[in-house]
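So, here's a batch of structures to check.
In what follows, subunit A forms one complex with subunit B and a second complex with subunit C.
Showing the complex of A and B:
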């Protein structure tokens, strides 16, 4: 009996060898990222180029996505000054959505955002923007004061509350934003890997076990559709939270 | 209104995490420093939870 046992998928399965040379820039996630940028640009350029009053099907699809981000997220959350932030939110939404969906598209099947570096870099943009907007509008002193010192609290209590408020804005918000996206994509991809590899392993086993591989493959396919929902949802939540943070930075509180 | 609720939901979640983290960490630090009991981290967590709930009430519960 020299049968090797089942090797479960691990985080090692998320690292790829470079396609050419030894640069990290030639690995699958980076190439998917570049492809997503080309894909998004091409789609929206083509869909908007022959813009007509009566839209073609393609133009309609492009405008639907744009309209969703502009009206459904940006205007509803930010209010009056939403126009300025539409390009940013639109870029974030389409970028994350496309890269997430790569996770279930056959042949690609890898969500770029399951590498922590990608969500972190998108988060850095949001982080810089919402602090910058607030500091520009209120000034650094007033921003920090409004953040940490809410009115209507006895003075000694500020010692307890101020660090909590400060860290919420400067550490927990960006961390949760990046981790939520990363964690969802990582776990989802791992789950799909598990059922696919498990099915493959069972297929190579004894006849009786072969039968059960159908179940495993079936679950993998079912979960792929489930994943698709999660991928759209995470792109939406990321954009929504970015908009909420910007709205909070703009709001005149109290 | 619904947007306001959404904002409150995410902010309160962030407060709960941060309150526990900040005061839990401070309590843990005190425990390490004094080096005998675990009262520091217990007190810290209770204080942290209290402060998060208080903050959530201050920001969203007062109106």
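Showing the complex of A and C:
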């Protein structure tokens, strides 16, 4: 056993030492996150700056993303009062999409959202907003009553249904929202790591095994494109669910 | 070998924090970063995009409105033009009417004037004829007197000549003659 065995990637690979000092601000995910804020705001502020009737190519690109969130998600899901929530949903979508895509962009190659703290922070926003909107609109009592006792159900069923509904609104929704995004990004990145590190390991092995590294690298590349799809999809799902929760909070009955 | 791997893996996992337990620091960083992004997009990007949308909508609506107003204007112009044309036609009609009336008046006037002139000429002619007649009558009278006197003096003698002249016998005779004629 002269040669060290293959060490599979683990959750440890997701944790980085600070580049300088010991502050968390200097770790890779945080720096990527802050970079994404600069990148997104710069892009959209610059592209929207002129607000021309006939858009330039840049403005058109910005409007395409904005229009997708505004009309494709916000208006279609929330309806009448959608305009109020467009900035939030727009920020959520671009924030998550950009940070997810960092996972396949060369040199960055780390999906920030695979650190659960970040999905959690966005989820906190959504959580606060949809409860706040509902309480403001219906009042706390009516909100809780409508939540736990949906009409048209036989009375004894409420014994089970009421706690389930309550848990759904207050625990399951935020948990699933954050976990879904985190899990997808985490697993995707782990998968890419596995095939990349595996290929690397096999490349250093015996000649016969070297050939298999081609297969491994090929898979890593193919999966990168697959990941790109998932990253876009997850950003969309997160935004869509946020819109759905807000729409549910605004609806008179659910 | 398997146990070695496991030991190795266990060593790695022990060092690393659990991936599902969020780090509070990261949550705070995430909240702050997201808040900044949210505020920036909300104040700088979204209003501008909405402005562009609104401008586009109003440009389309404005274009339609402009077309409509142009059509209205055209219709109004046509109406005004038609009205003007009718008015002009009426005016022409009235001018023709007036001209005809005026023409008739002028003709009437000229005719009157001609009549008057004719009357005047006739009257003048008549007066001159009368004057000439009077003149002829008086000269005739005078000559008749002279001839008669001459004749009478030839008959009666020269002596009577002065006496006749003084007493106006001839005139009396002529007056008597006229009277008897009547």
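Note that in this section the second predicted complex is superposed on the first by the 251 of 254 C-alpha atoms of A that agree within 3 Å, B and C clash if a C-alpha of one lies under 4 Å from a C-alpha of the other, contacts with A are read in each partner's own complex, and residues count from 1 in each chain.
We adopt the following convention: contacts are C-beta pairs under 8 Å (C-beta built on N, C-alpha and C of every residue); 3 or more make two chains touch, one makes a residue touch a chain.
It should be emphasised that the depicted structure is a prediction, and the values quoted were computed from it without experimental measurement.
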(message) A:196 in the overlay: touching subunit B, subunit C, both, or neither? Say first, second, both or neither.
(response) neither
(message) Just to be sure I read the superposition right, which of the two partners does A:244 touch: subunit B = first, subunit C = second, or both, or neither?
(response) first
(request) Pick one for A:224: touches subunit B only (first), subunit C only (second), both, or neither. (result) neither
(request) Determine, for the superposed model, which of the two partners subunit B and subunit C contacts more residues of subunit A. (result) C
(request) Please work out whether A:234 is in contact with subunit B alone, subunit C alone, both, or neither, and reply first, second, both or neither. (result) neither
(request) Identify the partner contact of A:176: answer first if only subunit B is touched, second if only subunit C is, both if each is, neither if none is. (result) first
(request) Sort out for me which residues of subunit A touch subunit C in the complex. (result) 1, 5, 7-8, 10-12, 14-15, 24-25, 29-30, 33-34, 36-37, 40-41, 44-45, 47-53, 55, 59, 62-63, 66, 70, 86-88, 90-91, 94-95, 114-118, 120-122, 124-125, 179, 182, 186
(request) Spell out the part of subunit C that touches subunit A in their complex, as residue ranges. (result) 1, 4-5, 8-9, 12-13, 15-31, 33-34, 36-38, 40-42, 44-46, 48-49, 51-52, 55-56, 59
(request) Could you please specify the touching residues of subunit A with respect to subunit B in the complex? (result) 76-77, 150, 152-153, 157, 160-161, 163-165, 167-168, 171-173, 176, 240-241, 244, 247-248
(message) Per the contact definition, I'd like the list of subunit B residues that touch subunit A in the complex.
(response) 3, 6-7, 10-11, 13-15, 17-19, 21-23, 47-48, 51-52, 54-55, 58-59, 62
